[in-house]
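Chain nomenclature is as follows: A, B, C and D, assigned in order of appearance, with residue numbering initiated at 1 for each chain independently.
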Amino acid sequence: MADQGKGRIEQFSDGVFAIALTLLILEIRPPTLDGDADTGQFFAAMVGLWPSFLAFVLSFFVVLVMWVNHHELFALARGVDRPFLFANGFLLLMVTFVPFPTALLARFLGTAAGRGATAFYCGTFLVTGVAYNLLFFSVAHNRRLVRPDVSDEELAVVRRAYRLGVFVYAGSVGLAFWNAAVGLGTCVSLWLLWVRLNYKRRRSHDRSPAEER
Amino acid sequence: MADQGKGRIEQFSDGVFAIALTLLILEIRPPTLDGDADTGQFFAAMVGLWPSFLAFVLSFFVVLVMWVNHHELFALARGVDRPFLFANGFLLLMVTFVPFPTALLARFLGTAAGRGATAFYCGTFLVTGVAYNLLFFSVAHNRRLVRPDVSDEELAVVRRAYRLGVFVYAGSVGLAFWNAAVGLGTCVSLWLLWVRLNYKRRRSHDRSPAEER
Amino acid sequence: MADQGKGRIEQFSDGVFAIALTLLILEIRPPTLDGDADTGQFFAAMVGLWPSFLAFVLSFFVVLVMWVNHHELFALARGVDRPFLFANGFLLLMVTFVPFPTALLARFLGTAAGRGATAFYCGTFLVTGVAYNLLFFSVAHNRRLVRPDVSDEELAVVRRAYRLGVFVYAGSVGLAFWNAAVGLGTCVSLWLLWVRLNYKRRRSHDRSPAEER
Amino acid sequence: MADQGKGRIEQFSDGVFAIALTLLILEIRPPTLDGDADTGQFFAAMVGLWPSFLAFVLSFFVVLVMWVNHHELFALARGVDRPFLFANGFLLLMVTFVPFPTALLARFLGTAAGRGATAFYCGTFLVTGVAYNLLFFSVAHNRRLVRPDVSDEELAVVRRAYRLGVFVYAGSVGLAFWNAAVGLGTCVSLWLLWVRLNYKRRRSHDRSPAEER
């Protein structure tokens, strides 16, 4: 079970997740104010930065949930091979890409280009959802890399959730063209669903909350 | 005691702390000088950057102290569960956020908006203090995740310190609106107190300074 | 076989690879649009960013392939010494440098300076190829640091591939001065070749795809 | 010997070193060129960036040497305590600070403010040298934290080198005010000396180059 290669790739991926998460803050820039701007004007400028704050918080939690999902997926595999490595590389590409659509959302939310920026943002997670499906497929197709102690039922639960994800993300892209807030809300709702999914899968495994991971 | 999940989350959190700490320097930008500016004008520009240097040093040490406290908190727990993970995620959000209020402080300290920027800076740590209390609560409430060898007395010491922290941070926000230097000083004084707290808790455990961690 | 020093240097190098990979996204900047720019103008601006997207994706995969190659090289060595450390330091210098030629490519591809920027980009990987040859030489010269279980035939395969790399990169620099797309294509083709090389080397070692690393 | 606390701090410090090293490249910005600038003008602009390239390469190797020295110092200690942690925190502050003087050097080398920027750059390493002496003192004073198998002779060699470092750095600051190139050259020469020092210390320990770390 102690697969050196798998552990190394997991650690490298963890590093990429942690760095992408922390780079998100670079998208929020201090506002430009007159030299004699007072406290009131300062906080008015802070309030005006709400798209940046919103984009930062949303992307932070989506990357965090992606990180948790990534580990859940790795936990299903008894080892890694070439297709798995390629799918993982594609997924990491999408993870490192996240700061850019986040910056777009921060800049254009609330302007006339806001729906376009939101559609682009949701579209990024649509592609990320595809990447997760590819990675899952590389593990679960014909149980290629699946650990013997993982049941077919468990695989089916994960497969359904990942497929649902792609459909919901695709829907959120369409909705964003109509209304930015609705599109963004649909995107976020999926992260909540994924969080919940992990919870249920864990509950079926663990006895005591203290020992679950 | 060797909890794989806890160790992984601790390592990921460590990465986020280390990156947030190192990104702080990006907030200090080289000054713009005339092409024929001489040594005297160069050092005058350096002196003019004092708010950047101050903000960098203060935030560096606060993140470092937060990192130490984070580990102290993890050391109390025998494992992790869902509420713990959410509280930790909220805390990491605040850690990655620190470079932004630091940049605000660097830009606006010494201007008319300096009090507002200082209040925002202290306010960030007020929310961070709340995050620490939540994380502590997720561990210590009814001793949910507390390691058996940690005494109730030890928990009480930490609880008191964390609660005090929230009050002092709230006070520093109020003071900052009145006087930036006083507010900032109050904020910093708390970090010193936390450093001291850790020291006392360690002393009660360890015999020889060489073996303490 | 458990060489503490080698593991530490490998972990440090991994960190540098992961950070360089994730910093690449900072090169893609949100476009500047009029306040009343609509969805159509937004996506027109996105399309106009194609050099940034192309540069990001290409550099992402080249750094990822470099990372894999780096580990393959480390796997040949039974330990590290001074010349190895210097060669590795030189290689890490080139890895951290990659975001700069990537930014050049993003900015100048499609302009009159595009061939120059592409030549510079390919030239960076020419120097990186030299660095890999030096690192390989530090391991394989007179089998200085080669693990006893690595055959001379295996070393010869790697040596040929690394030497070929330098020639192809040199060719891609020359071609870039004539035509940017051809030069860039030649550069990329080599990464595909390296990916393939790793595959063949692994196949000769491993029995089951599930257990290969 | 397996000190959990020491290992954790070493790993955190390694992360800070790796990130600071990789952030250095952000200081080199693509030049601004006319839309119709040709290959010749592109390479002329590249040549004009020589201060950035020089600053990047110098700082890269100084941080790398600092990283090696940091580990050599940790290797002397059998554990960590409070003064050690504070000295290490101060040292990490200086490591994260390095990108700023590097950016100053890149911007002002070759201008009238070049001597000032070089003095500031060398001054940063003077303070870093003091930090190394403090860290060494926290370990070696009365052999507080020294591992039993480290001889007094070995400590004396390191102590002399660290003290020499402070004097040479102080000299390089003074020389930089007179001539930037001479000051910078003196600074760099010290890094070469430190590299050499590590070499000699290692040689006295290890038998075979392959097994040295």
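Following the convention adopted for this analysis, a residue touches a chain if its C-beta (ideal position, glycine included) is under 8 Å from a C-beta of that chain, and two chains touch if they have at least 3 such contacts.
Quick caveat: nothing in here was measured; it's all calculated off a predicted structure.
S.K.: Cα superposition of chain B onto chain D: how big is the rotation, rounded to the nearest 5°?
M.R.: Copies differ by a rotation of 90 degrees.
S.K.: Taking all residue numbers at the chain C to chain D contact, is the shared part over half or under half, that is, same or different?
M.R.: Copies use mostly different positions to touch.
S.K.: Please compute the C-alpha centroid of chain A, do the same for chain C, then give the distance between them in whole Å.
M.R.: Inter-chain centre distance comes to 26 Å.
S.K.: Suppose each chain is reduced to the average of its Cα coordinates; what separation in Å results between chain A and chain D?
M.R.: One centre to the other, that is 37 Å.
S.K.: Which residues belonging to chain B are in contact with no fewer than two other chains?
M.R.: Chain B, residues with two or more chain partners: 15, 19, 23, 26.
S.K.: Hey, which chains are touching each other here?
M.R.: Between chains, contact exists in these pairs: A-B, A-C, B-D, C-D.
S.K.: Which positions of chain B touch chain A when the two form their complex?
M.R.: Touching chain A from chain B are residues 3-6, 8, 11-12, 15-16, 19-20, 23, 26, 78-82, 85, 89, 92-93, 96-100, 103-104, 107-108, 111-113, 115-117, 119-120, 144-145, 177.
S.K.: Residue numbers of chain A touching chain B in their complex, please.
M.R.: Residues of chain A touching chain B: 14-15, 17-19, 21-26, 28-30, 33, 35-43, 46, 56-57, 60-61, 64, 67-68, 71, 199, 202, 209-213.
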